[in-house]
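In what follows, chain A forms one complex with chain B and a second complex with chain C.
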Partner chain A sequence: MSLKDAVLGVAMAVFLLMVSVVVVLGGTGWTPSTEIRPLAKFYLENCFNVFNRTWWAASPEAVTSMLWDYRGIDTYYETSVFFLAVIGGVTIFRVTEAKLHRKMDDVGLSLIVKTTTRMVFPLVVIVSASVALHGNLTPGGGFQAGVILAVGPLLLIAAFSRSFLEENLKLSKDRCLIIRSVGLIAIALLVALPLMAGSLSLMQNQAKPWSQALQLPEAVGPIWTSGTLLFFNVAEFLAVGAGFTLLFLLLSAPEEELKRAIGL
Partner chain B sequence: MNLTKRVLGFAAVFLLLFAFFLVASASVSPADIAMGLIVAGIVAAFTSTMVIKEQPHKAFDVRRWFWALVYFLYFFLVVEPLCHFDVAKRILHPKMPINPGIVRVPYNLKGDYAVTMLACSITNTPGTVVVDLDGNGRKFYVHWIDVKTMEEDECRKAISGAFEKYARRMFE
Partner chain C sequence: MTIESFLQICGYLVLAAIMAISLYGIVKGRSLIKKLIALTILGDAANALIVYIGFRFGAKYPPVLPSLTPAPEDISWFVSVAVDPVPQCLVITAIVINMAITMFLVFTVIQVYRIYGTTMVKKISRLRG
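The block that comes next holds the complex of A and B.
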């Protein structure tokens, strides 16, 4: 180790220390107070208040409660926006399945990467499912789980090829679109649930003082579903996972083939 | 693949995924067991032939699991810390006594999992990294922090010999 290395090391340590001091003293600007403000207090007190269920959402996860219950309509529109983005992507790459197909055998990364990916892929799917199914209880939820799910196909595309995905898992562009639509239709049905039961409110999870609509029970057997929240999360999980997979399939198509299929 | 093999392969992958679901959820409540059974069933149905291509009965062979346990205990808890210590010593030593280079290491394994386990074991050991493999010639190209020999069989003895024995017992 030369003198230069030693000086560099000490300089870096001093720099980090100085930055820490600045952050601790509030040099980076206003930091949120540690006191709970009234709005946050409302959600924290009510989202899982088993003693007074007037305003509750049946979920101990305050973020998920807001996402799918208190401000559920917002999430619904967000999901629609993402769906439109996917549709936009599909429209730009206006290609049919048959035109894109090309037989590729000995492609992809080395045997080591391929074997590891074969093993890791189902584990990624399991983790994503666990995140989706616990979205109403712990941090995470449908969107996050969907993004994790899409990592699986992305790994397969990188390690093998897109045709591996299409042949081994039968995950084609059209199938992804179908899965995504099933998720969205499920969300739309859940949104309309109170409406079908004769109440003039959309997207209602647990009954609130202003509308005593039909509500799903907070648990099904041993599984705590938080009313509709678990089902919203699972539907969103499928929709987002399939949406991203669809985009990855399109983006991984070889450029020349894509150009030929579009007619350039 | 015939039906028995399919069922065995599904069962092996299903059990693995079910256990992994419980670990990922950090819970063994009745709800998680119920959800885990459903999720593991669905995922295993789609991926079991991808994970296990042939000879699924190996997954239920107790001897293979025994050797896996011995491998884990010996290499992860004994050999690896020693190698870590060696590499750390080389880095911190004022003269940095390294002699890096890439050597060819032959192996004699057939299965994908066996070869992958061998490669990952070499990479996981501090001081050696598999940078490429020649599947047809059955040779790894290994980066070695302290090249002691260029002779292929000597390299094999020094770098991968012990791992290969376990890879064969576990996967071949």
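The block that comes next holds the complex of A and C.
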């Protein structure tokens, strides 16, 4: 390690320390106070204020109500960024399905691992579905549930093989793309719902003072749906879960086939 | 200075040190894989810093109201004990973006390895054609 490297490292450390100091002093001071910031106070007070429903999001979970209601457009664009990353991966690894089905070995890991995976896989799916469906009431939501869901196919790929996933579960690359597109189209439709109902606002969960065109009910019978929040969570759950499954399927593709596809 | 505030400052210093080391790894790493690992560490440290800023003394609960039929005093109690939800909301999108970017970079690095046979930056830059 030369002197230049050492100077570089120290300079980076000082720079990052300065950045951290600026962020910390701007945000909290050296130690966190006991007071809550005005912005957070607004969200905490209004996200489930059943007594003054002007600004409410109909969800007792402040993070979900911010994610899909107060800062919903931001989450929408963030979903688009994720979609672009998946598209980028698919474009780099362009392989056709027919080529991949040749020379697929079906060995996998030992019997113990396979049996355990058979027991764990349904649990993973159930847990992810419960996290998605309760996302507007308890900690969790579409992103977290989608990532949990993607663990299931990843386990199956590791314990069995990629062809097991494609032949027994019929979960091929194209199907994942279709599930993902269905989730994204559902999100886009939910975003455009108030626009179609004649309001000029996008992504409206509960009626606001300036636009009362359309409002989904906060509860359907005994099920608390929080307006659009439950549907957003389920659509995002499908989109993220299928997107990551698609990426895992591509990453587990046989090396020879991929090399042949790019002409090496 | 109380022990809590001392530990808070220590936490900030540790996070700043992790970020500095990972930034050094991104710039000086010789293999693309090592650069990628350093990048994920930097992203996670930044996310941890943001969540850390959301903490306040006296807050004991996550920002989830535990009742669907709250009384007015429940909501004021909730405001007085819940942590700041804004950083958590920022971080959840940042984590997913971070993961997506990491996946894309993994794909790119694998393709680079497949075509050039190496992930060492200096060897790749010396290649022609």
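Convention: the second predicted complex is superposed on the first by the 226 of 264 C-alpha atoms of A that agree within 3 Å, B and C clash if a C-alpha of one lies under 4 Å from a C-alpha of the other, contacts with A are read in each partner's own complex, and residues count from 1 in each chain.
We take it that a residue touches a chain if its C-beta (ideal position, glycine included) is under 8 Å from a C-beta of that chain, and two chains touch if they have at least 3 such contacts.
These figures come from a predicted structure and were not determined experimentally.
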Chain B versus chain C as contact partner of A:Leu8, first or second or both or neither
second
Can A:Asn168 be said to touch chain B (first), chain C (second), both, or neither?
first
Now for A:Leu247: first (chain B), second (chain C), both, or neither, which partner does it touch?
second
Identify the partner contact of A:Ile73: answer first if only chain B is touched, second if only chain C is, both if each is, neither if none is.
neither
Partner chain in contact with A:Leu109 - chain B first, chain C second, else both or neither
neither
Give one of first, second, both or neither to describe whether A:Trp224 is in contact with chain B, with chain C, with both, or with none.
both
Touching A:Ile185 in the superposition: chain B (first), chain C (second), both, neither?
neither
According to the contact criterion defined above, which of chain B and chain C contacts more residues of chain A?
C
Tell me which partner A:Ala197 touches in the superposition: chain B (first), chain C (second), both or neither.
neither
Is A:Leu214 touching anything from chain B or chain C once the two structures are fitted on A? First, second, both or neither.
neither
What is the shared patch of chain A, the residues that chain B and chain C both contact?
224
Help me check something: in the complex, which residues belonging to chain A touch chain B?
1, 110-112, 114-116, 118-119, 121-123, 125-127, 129-130, 133-134, 168-169, 221-224
In the complex formed with chain C, which residues of chain A make contact?
5, 8-9, 12-13, 15-17, 20, 23-24, 27-28, 30-37, 39-41, 43-45, 47-51, 60-63, 66-67, 71, 74-75, 78, 81-82, 85-86, 88-89, 92-93, 137-139, 141, 143-144, 147, 224, 240, 244, 247, 250-251, 255, 258-259, 262, 264
Residue numbers on chain C that touch chain A, as the complex places them
4-5, 8-9, 12, 15-17, 19-20, 23-24, 27-28, 49, 53-59, 62-70, 72, 75, 78-80, 82, 84-86, 88-89, 92-93, 95-97, 99-101, 103-104, 106-108, 110-111, 114-115
For the complex, give me every residue of chain B touching chain A.
13, 17, 20-21, 24-25, 29-31, 34-35, 39-40, 43-44, 46-47, 49-51, 92, 94, 96, 112-113, 115-116, 119-120, 130, 132-133, 135
